[in-house]
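Just so it is clear, A, B, C and D label the chains in written order, and each chain counts residues from 1 on its own.
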Amino acid sequence: MSSFEHTWTVRFSDTDPFGIAHYPRIVDTVHETADIFMQEIDFPFWEISIEHGFGLPLVKMDFEFERPMEAGDDIVISVVPSLGTRSLRFDYVARKDGEVAFTGYETRVCASKDDVSSRDIPDDLRAAIEPYTES
Amino acid sequence: MSSFEHTWTVRFSDTDPFGIAHYPRIVDTVHETADIFMQEIDFPFWEISIEHGFGLPLVKMDFEFERPMEAGDDIVISVVPSLGTRSLRFDYVARKDGEVAFTGYETRVCASKDDVSSRDIPDDLRAAIEPYTES
Amino acid sequence: MSSFEHTWTVRFSDTDPFGIAHYPRIVDTVHETADIFMQEIDFPFWEISIEHGFGLPLVKMDFEFERPMEAGDDIVISVVPSLGTRSLRFDYVARKDGEVAFTGYETRVCASKDDVSSRDIPDDLRAAIEPYTES
Amino acid sequence: MSSFEHTWTVRFSDTDPFGIAHYPRIVDTVHETADIFMQEIDFPFWEISIEHGFGLPLVKMDFEFERPMEAGDDIVISVVPSLGTRSLRFDYVARKDGEVAFTGYETRVCASKDDVSSRDIPDDLRAAIEPYTES
């Protein structure tokens, strides 16, 4: 089993008058983390439509924030994907010094580029993701 | 009962290569909508800490996206708050031409400014929110 | 002569640990202001490529920040366009309570959609912008 | 002489309907690059106010965009600082495959935390920056 982690250093420009990360900036980071994961498995979001004829629009996001994050904090974000027939879920756990800062998941559906109808996840994408799923 | 709505016009700079709104930009808008609501009831986020000694950090967000939004779309976002003893929930429904584009909710806890411990929602904030809750 | 102004209310989520607007959030607002202006003159950025066959990519931005902006401030941003043969410039003045908060300008070139080469600004766009220019 | 570079990978969520980076996202990256530079020299933006009693508000930004950037592009951004008595300038050159994508600079003034008046750049910050300046 492979695993995927991305470390986010909270920046001054991410922080609010209390010195903690604005939550829309946390969502930016979650999105960037998914983007980096898809690049790692060779299905970057910016290529799948052009080269493979489908998209993966987001249909659901659900997050819980447990601990405030401050500028300079290194937040280690792990991603564990799960495969449905026509959908894909990413589970996130973000830790600061080993303690959970936030958790959550996103669900994406596989949509045909031509008519935006849902379709099965292609076999090659399924094969690229499988090593990262929990057995 | 009072009600609260905010209309968001999706901008070119919110949109992706498919011409639809990037979802972090949708989250920005949700956050802005809560901000405008708090200003409307005279408890703007930027004053409650200084003038009232508490904060309302986000602990949970949960959203479902049903319909893509394109640049130029006017999205009408309604907010319905609910009051807990120490927490506050905002339920959102966003519509485009009367049809649901996305729904979801956020939960915030009331935290003392001094020690970040949770505390009861102050009576004056409770009174300001009550007219907007569903009976 | 017509004139164009947009009022931006600085939001909590725009502000930094000093309580003043992060400057990338100011740039977001400038961009949104240009977007609203183009919509007002019936050449929204999201339509010009599809309906008119050209784009207006940014080639230059130059801003000076004179006064900090805080959450809750209403910032009145005026836009005055000027027309070149193949380019377009927007001059901005942003005021808070009548005093200048920031000024600056952006230059965009008119680019053919097909080959990204520069081209003359079309006559109909020129006619739509002219009433807003300074005589 | 030391030099400083940061590589930005353009993400899907940075891109517009033409597939190129929205310019407010480029400004986010410039700001992040300055933030990483200040961390490298041990004067991170998030500490200077608390530990050193001053801030470095932006007073000027001036950028030229020469080449569109697409999702997946690795943009190498160099920063060269210059020191004034009470101000600091960062010059940026961003390259994609060795060719200039954008250039520009930002000017910041040194402001006392207590009364926001300008003051001389402290000697220890000056010493930390000097190795990165052009001789």
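FYI, contacts are C-beta pairs under 8 Å (C-beta built on N, C-alpha and C of every residue); 3 or more make two chains touch, one makes a residue touch a chain.
Quick caveat: nothing in here was measured; it's all calculated off a predicted structure.
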{"item": "Chain pair with more C-beta contacts, C-D versus B-D", "value": "C-D"}
{"item": "Per Cα centroids, the chain farthest from chain A", "value": "C"}
{"item": "Chain B-chain C separation of Cα centroids, rounded to whole Å", "value": "28"}
{"item": "CA centroid of chain B to CA centroid of chain D, Å", "value": "33"}
{"item": "Distance from chain D to chain C - Cα centre to Cα centre, in angstrom", "value": "23"}
{"item": "Contacts with two or more other chains, residues of chain C listed in rising order", "value": "12-13, 15, 17-19, 22, 24, 28, 31, 46, 71"}
{"item": "Chain A partner contacts - residues on chain B that touch it in the complex", "value": "17-18, 20, 22-24, 27-28, 31, 46, 49, 55, 57-66, 68, 116"}
{"item": "Residue ranges of chain B touching chain D (in the complex, touch as defined)", "value": "12-13, 15-19, 22, 24, 71"}
{"item": "Residues of chain C touching chain B in the complex", "value": "9, 11-13, 15, 19, 28, 31-32, 35-36, 39, 44-47, 70-72"}
